[in-house]
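In the part that follows, the structures are each spelled out as structure tokens.
Heads up, the next two complexes both have chain A, just with different partners, chain B and then chain C.
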Partner chain A sequence: MDMIWKTAWLNVWRNKVRSLVVIVSVSIGIFGGVFAVAVMNGAIEQRVDAALNDEIAHIHVNDPAFRDNYDIKLLVPHPQQVLGTVRETPGVESLTSRILLTGMANTAAKSAGVQILGIDPPEEKEVLQLYKTTIPGTGDFFGEDSRHYLAYIGHELAKELNIVRFQIDQEVLDSLAAKGVPGEVLKKLSPFSGQRFKSEKSFKKEVKAVLSIKEQHAFGAVIRGEAWTFRARSKMTLTFLDREGMQTGAVFRIAGIYDIKNSMYEMSQVLVKKEDLAELAGIGRNDYHQLIIRLDDLESTEEVSATLRAHLPGLEVLNWKELQPDLAMMTEMVQKFYAIFMVIILAALAFGIVNTMLMVVLERTKELGMLTAIGMNKKRVFNMIMLESVFLSLVGGVAGMIISQIVIGATARKGINFASYAEGLEAMGYPAHIYPAISTSFFITVTVLIILTGVLSSIYPALKALKLDPAEALRTE
Partner chain B sequence: MKVLEIKNVHKIYNSSEVKVHAVNGISLDFEKGEFAAIVGPSGSGKTTLLNMIGGLDSPTEGEILVDQTNLARLKSSKLIDFRMRNIGFVFQSYNLIPVLTAKENVEFIMSLQKWNKKDRDKRTFELLKAVGLEDRIESRPSKLSGGQQQRVAVARALASKPKFVLADEPTANLDSKSTETLLEIMELLNKEEGITFIFSTHDARVVKKARRVITVEDGKVISDERKN
Partner chain C sequence: MNNLKLAWRNLWRNRRRTLITSASIFFAVFFALLMRSLQLGSYDHMYKNAIESYTGYLQVQHKDFWDEKIVDNTFPYEPELEQQILKDANVEAAIPRFESFALASNGPQTKGVLVMGVDPEKEKYLSGVLDRMVKYHLSPEAIKKIKLDAGIPDKVKELLSLFENSAYTNAGRLQLDLGISDQEAPGLMPDIERYCRFDNGRIQMGEPGVWVGHKLSQYLKLGRGDTIVLISQGYHGSTAAGKYEIKGIVKLPLPDIDNKIIYLPLDICQTLFNADGNLTSLALAVKDNRDKAISGTLERIQGLIPGDQKVMEWREMNDVMVSQMEADNKSGMIMLGILYLVIAFGVFGTVLMLTAERRREFGVLVAIGMQKKKLASIMTLEMFLIGLLGILAGALVASVLILYGVDHPLIFKGEMAKMFEDYGFEPKMAFWPIDTYYIWQMVIVGIMVLIAIGYPLRKIFRLKVVNALKA
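Right, the complex of A and B next:
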């Protein structure tokens, strides 16, 4: 058998140009497919990570009817007992309690409907990492600032309420010059000096109108960064209905702006200190609407959820897959999608391999006749052609995967900037800067598929070879 | 001892227009160690006869027995295996595997027969030495002359110690010097190994070397002369 393997391998290189054409096409196809999957996978992984680490953690516990209308009265009964039960459940790493109300956020400029989360900042930091996304210089909500009536809001909401603004003045132009923005660009921006823009949208529109596309790509981000301003003592009013159904509220000072590249979340979620919200809403200091739980092992989600459901029969226990089924769907179904995607690419490549192998059989009619004459049986002839096809596919496949690994390795560090699509992506909660990622199991799946492609591509040509009559084949010129 | 018996063999080709009686009742026996040439004009049926002897074609009528085994009774896979173990082939256009070296071409059949490496290497080297190519064992066919390639082909044909070797016009593409060398080697191997050689040829030099000359015409044996 090893002579067959050796002959098949050497036969691949008999016509180097033809083999290289097939190998290059396979490697480009594989690279294209694997890299596309890596980008999609990276985006999904980042979305899931962001959701679990910044937004929802792993498990929520609340009153069964609470999520229907967020009724302020639907507090978790026996709050301390429930806390104790959850803390003692194996697999639970940390937890925090929250008050949730729906209300309005108002500034002089605008208002917006929001969900107000009353949190305990130190506890919250143990469960979620939202605090790490604070824009520097916007406040210390999770830190040393112990004042009352502080609010932590999303970047999108800050822009909407004009708490964050864009303006160009001499200071901004000087900063841009110091950062290497060319004089001609600054000249185009200088007519805007002293101007405060109504919104980010109007800022972008006006700047786009004066700069070329090349200048926008080269300097857009740094101009936006320098023109961005935050009023340090900004305030907003939060209004909502208290436990008695009476409208209430207070003025909150903005003590931090978070930026998680999820427009929807940033627009709607306002965090304040639980004690402040409880007092305003007429809720007891130890009461809460929801427990947010972080597990020490994500893989134990189902197991711990089941345990909590058993221990807390009167409460609703939902894990992240149930809270955001789209995420669960993405992570589970997308693997199947990737395999189908690669099968389609390989099926297309297979036709090229079939064509090449048919040419091989045609060219070597006499040689195949000779091999049969001297004693190579049908099984061995079939194996030799099949191996040649598999080797052809594998060389191209391995080359494609090596190229993929290199490119994915490079882009995984720096990420790929889809800034042009940032608005749309962030509206869906996906990052505009994607770090491609691919699992080892995917590479193994692709390798298996490549071998399968080689095997399947060889069947028709091999059957053609087996039909050759050796006596007639030997007469071929 | 008879290595090959051909008993009243016929081969009829039935095309849509005409019936061709390529081999018309040939009966021949070959003993171990014979050095025989089958001669005849083009279309005389020599190649058809050789193909049937080699199991590459089957007779319409009659029997061909190789070492008492009736080739027609063997199923396709068994026939291929039987051919590998009992019949060697030397072709007009050498038909070496171009990607393999001289050594690998010779040991190819032994590898299919699962000889162990030690025995394979020993036999390969012996044969290549016998054909005068011990210093070219790592050369690929493209680096060998026509005569050298044909010598490798002879070595390959003898690798598995077959009952007989069929050589179809082995000297047709060779110059006179290479032909002379090749025939001397084949004659020597015939005497040393005791393997029967059966040639199909137009070449007078081959006929001169042969110790038995069978003349075929219109599918029949016209004469069968043994030289002393």
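Right, the complex of A and C next:
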């Protein structure tokens, strides 16, 4: 058997140019496929990560009817008792309680429908890491002691409500100059000096109109960063219905602005202190609508959900897979999609391998005849051809995977920025700055698929070789 | 002609190799065409949904409205101007609208909603909101009745719970969701339709009353005949509030809009916002919706309207969706690029083998006086014929599927459908008919062959007869 392996390996290198064409094509195909998958996979992992760490955590507990329409009256009964039960459940790392209300956020000019989350800041920090996404310079996560009501809002909402604005003045132009933006570009921008733009859209449009495409690409992001202004001490009014169904509300000062690259979440979720909201809405201090739970280990999600369900009859216990079924399904579906994509690429590669192996067999007619004549049995001939084909594809495949790993490693550090599609991607909750990532198990799957391709594409040529009549074959030139 | 004949015969000297190489091109072309057709079809379908159920191709607006959607940024509705706009050759109808945001509530349930003041009669030129009225509703009561009917098979009853509270604008989708085949339909559908029929009332100019999106009605737990309260900010900061009877339920194909839309008669809506006679937009229905015609119309209308108004195009108004589609389009193109790259290497491999195998033959041919130029052109023809075979076969098979698919779009059911809706898309994938994307596949394969041909041509022109004969 050893002999066959060695012969097959050496045979690969008998016609170097031909083998190299196949090897290069396999490695390019594998690299292209693996890298494309890594980019998609990276985006999805970031999405799942953001959803679990910043947005929803792992498990929610609330009244069974609460999620239907967020009825303010559907508070969790026996709040302290439930809190204690959950806290003592094994596998629960941390938890926090929230009040949820639907309402409107208004500033002088604009208004938007929002969901108001009444939270306990120190506890919330234990469960979710939303606080880490605060945009520098906009404040912090309820750190300041203020006599005002405070609200922590999303970047998209801040832009919508004109709390974040874009403006160009002398100061902006000066700091752009300091950052190496050429005078020519500054001259084009100077007519805007002193102008405050109504929205990000109009800012982008007007700046785009005066700059060339090249300048937009080179300096667009810097200009946007400098023109971005946040009005410190901005305020907004939140209106909602209280427990009695009466319209109420109050003025809230912006404590900070978060940015998680998910426009829908940023647009709709406003965080305020639970004690403030409870007081305004006429809800008891210890009452809450929902418990948000973080687990020690993500893998134990199903197990802990089942325990909680058993301990908390009459309450709805939903884990992240049930809360965002699209997330779990997306991960599953995408994995299938990756496999199909790789199979299509390998199928395309198989055509090249079959052709080459066929050539190999036809070219060695005499040699194969000789081998059979001196007593090599058909099985070994078949194996030899098959091994040659597997080596051919595997060398290319391994090269392709090594290149992919290097490129993924290089791009994963800084990420790839698909800024021009940011709006569309962020609207679906996906980041535009993607860090490619792939699991080791995917490489194993790909390796298996490559070997399979090698084997399958050798069958037809190997059968051809078997059909050779040794006597006939020896006579050919 | 002679060259072509020679090239053709040469191809079949090694039939297997020719077929395998053509097959690889066939494979790529087939996949590429099918994928492009599905992508382009889906984009078009989504754009049409957005345009036809919401924005329209063109809108006249107050120049600041798009950036700041407040009631103050409205403009007076002037019939003379409308008449002038209607004179444009490409404008079919002008549809006046008043849209704004409000807080809708039913007792403790509240939600931010999109309020659309419309002229129901005129909307038929664009959003066809009348066609989107809910006709069937699988309400818990309807399901109970269906379950009690002994004539309905169990497999249908089992599916009911999955679609509880779903609403339908036509019987076809209902039949599909319940897994009823066309053969069974005449026996079952009349009964099922009777059980879950849903009747709507009309809204009319001058009569207070609203239509509510199906998802929104579910959220607010409201049905026909119930009363809904709308609170918002009116013209110049005044308070806008009103109470309306729900006359009907609509179901829009875009879930993101279905869960927040409320239709009001235009004049009632203007009164609600204290902005009598004003519009937020005048949507235009066009006769020719091709890009060129649209931009031409845009320029002409822009010339007619006063300076404080502007005309917006659908692409601008649906910018998020356009950006999503572009990202998807690019990722699809990259995938096809990888596929074609792999195939190109396969073709190159074939050429390499072909050349090596026929080195001696080339030598003989040149030795007996064949011009190298002629030899080169035969070789080139051979490669193009291989490419052509692959393209034709790929295009043929793909076309059969695409032509069928144009009339039979893929419609997803069950969980898949749910996921599509969660992302705000209709669970449907349409095919795009045969179009210029076919030409692109040919161009790509052509370029592939051209690159591959470089190697043998170089070999031929550098051929040393003596060496070649010895090979």
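Keep in mind that, in the parts below, the second predicted complex is superposed on the first by the 471 of 477 C-alpha atoms of A that agree within 3 Å, B and C clash if a C-alpha of one lies under 4 Å from a C-alpha of the other, contacts with A are read in each partner's own complex, and residues count from 1 in each chain.
One rule holds in what follows: a residue touches a chain if its C-beta (ideal position, glycine included) is under 8 Å from a C-beta of that chain, and two chains touch if they have at least 3 such contacts.
The model shown is predicted, which means the values in this text are computed figures rather than measured ones.
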item: First (chain B), second (chain C), both or neither touched by A:R380; value: first
item: Which of chain B and chain C A:E88 touches, first, second, both or neither; value: neither
item: Touched chain A residues, chain B compared with chain C; value: C
item: Which of chain B and chain C A:T102 touches, first, second, both or neither; value: second
item: A:E144 touches, of chain B and chain C: first, second, both or neither?; value: neither
item: Touched partner set for A:E299, first chain B, second chain C, both or neither; value: neither
item: Residue numbers on chain A that touch chain C, as the complex places them; value: 17-18, 21-22, 24-25, 28-29, 32-33, 36, 40, 68-73, 102-104, 106, 109-114, 198-199, 201-202, 239-241, 245, 247, 325-326, 329-330, 333, 341, 344-345, 347-349, 351-352, 354-356, 358-359, 418, 420-425, 427-428
item: Interfacial residue positions of chain C with respect to chain A in the complex; value: 16-17, 20-21, 23-24, 27-28, 31, 64, 66-70, 101, 103, 105, 107-113, 219-221, 231-233, 260, 319-327, 330-331, 334-335, 337-339, 341-343, 345-346, 348-350, 352-353, 356-357, 415, 418-419, 422-424
item: Chain B partner contacts - residues on chain A that touch it in the complex; value: 2-3, 6-7, 10-11, 13-14, 366-367, 370-380, 470-471, 474
item: Complex interface listing, chain B residues touching chain A; value: 51, 54, 56-57, 76-77, 80-81, 83-85, 88-89, 91, 93, 95, 97-100, 104, 107-109, 111-112, 156-157, 160
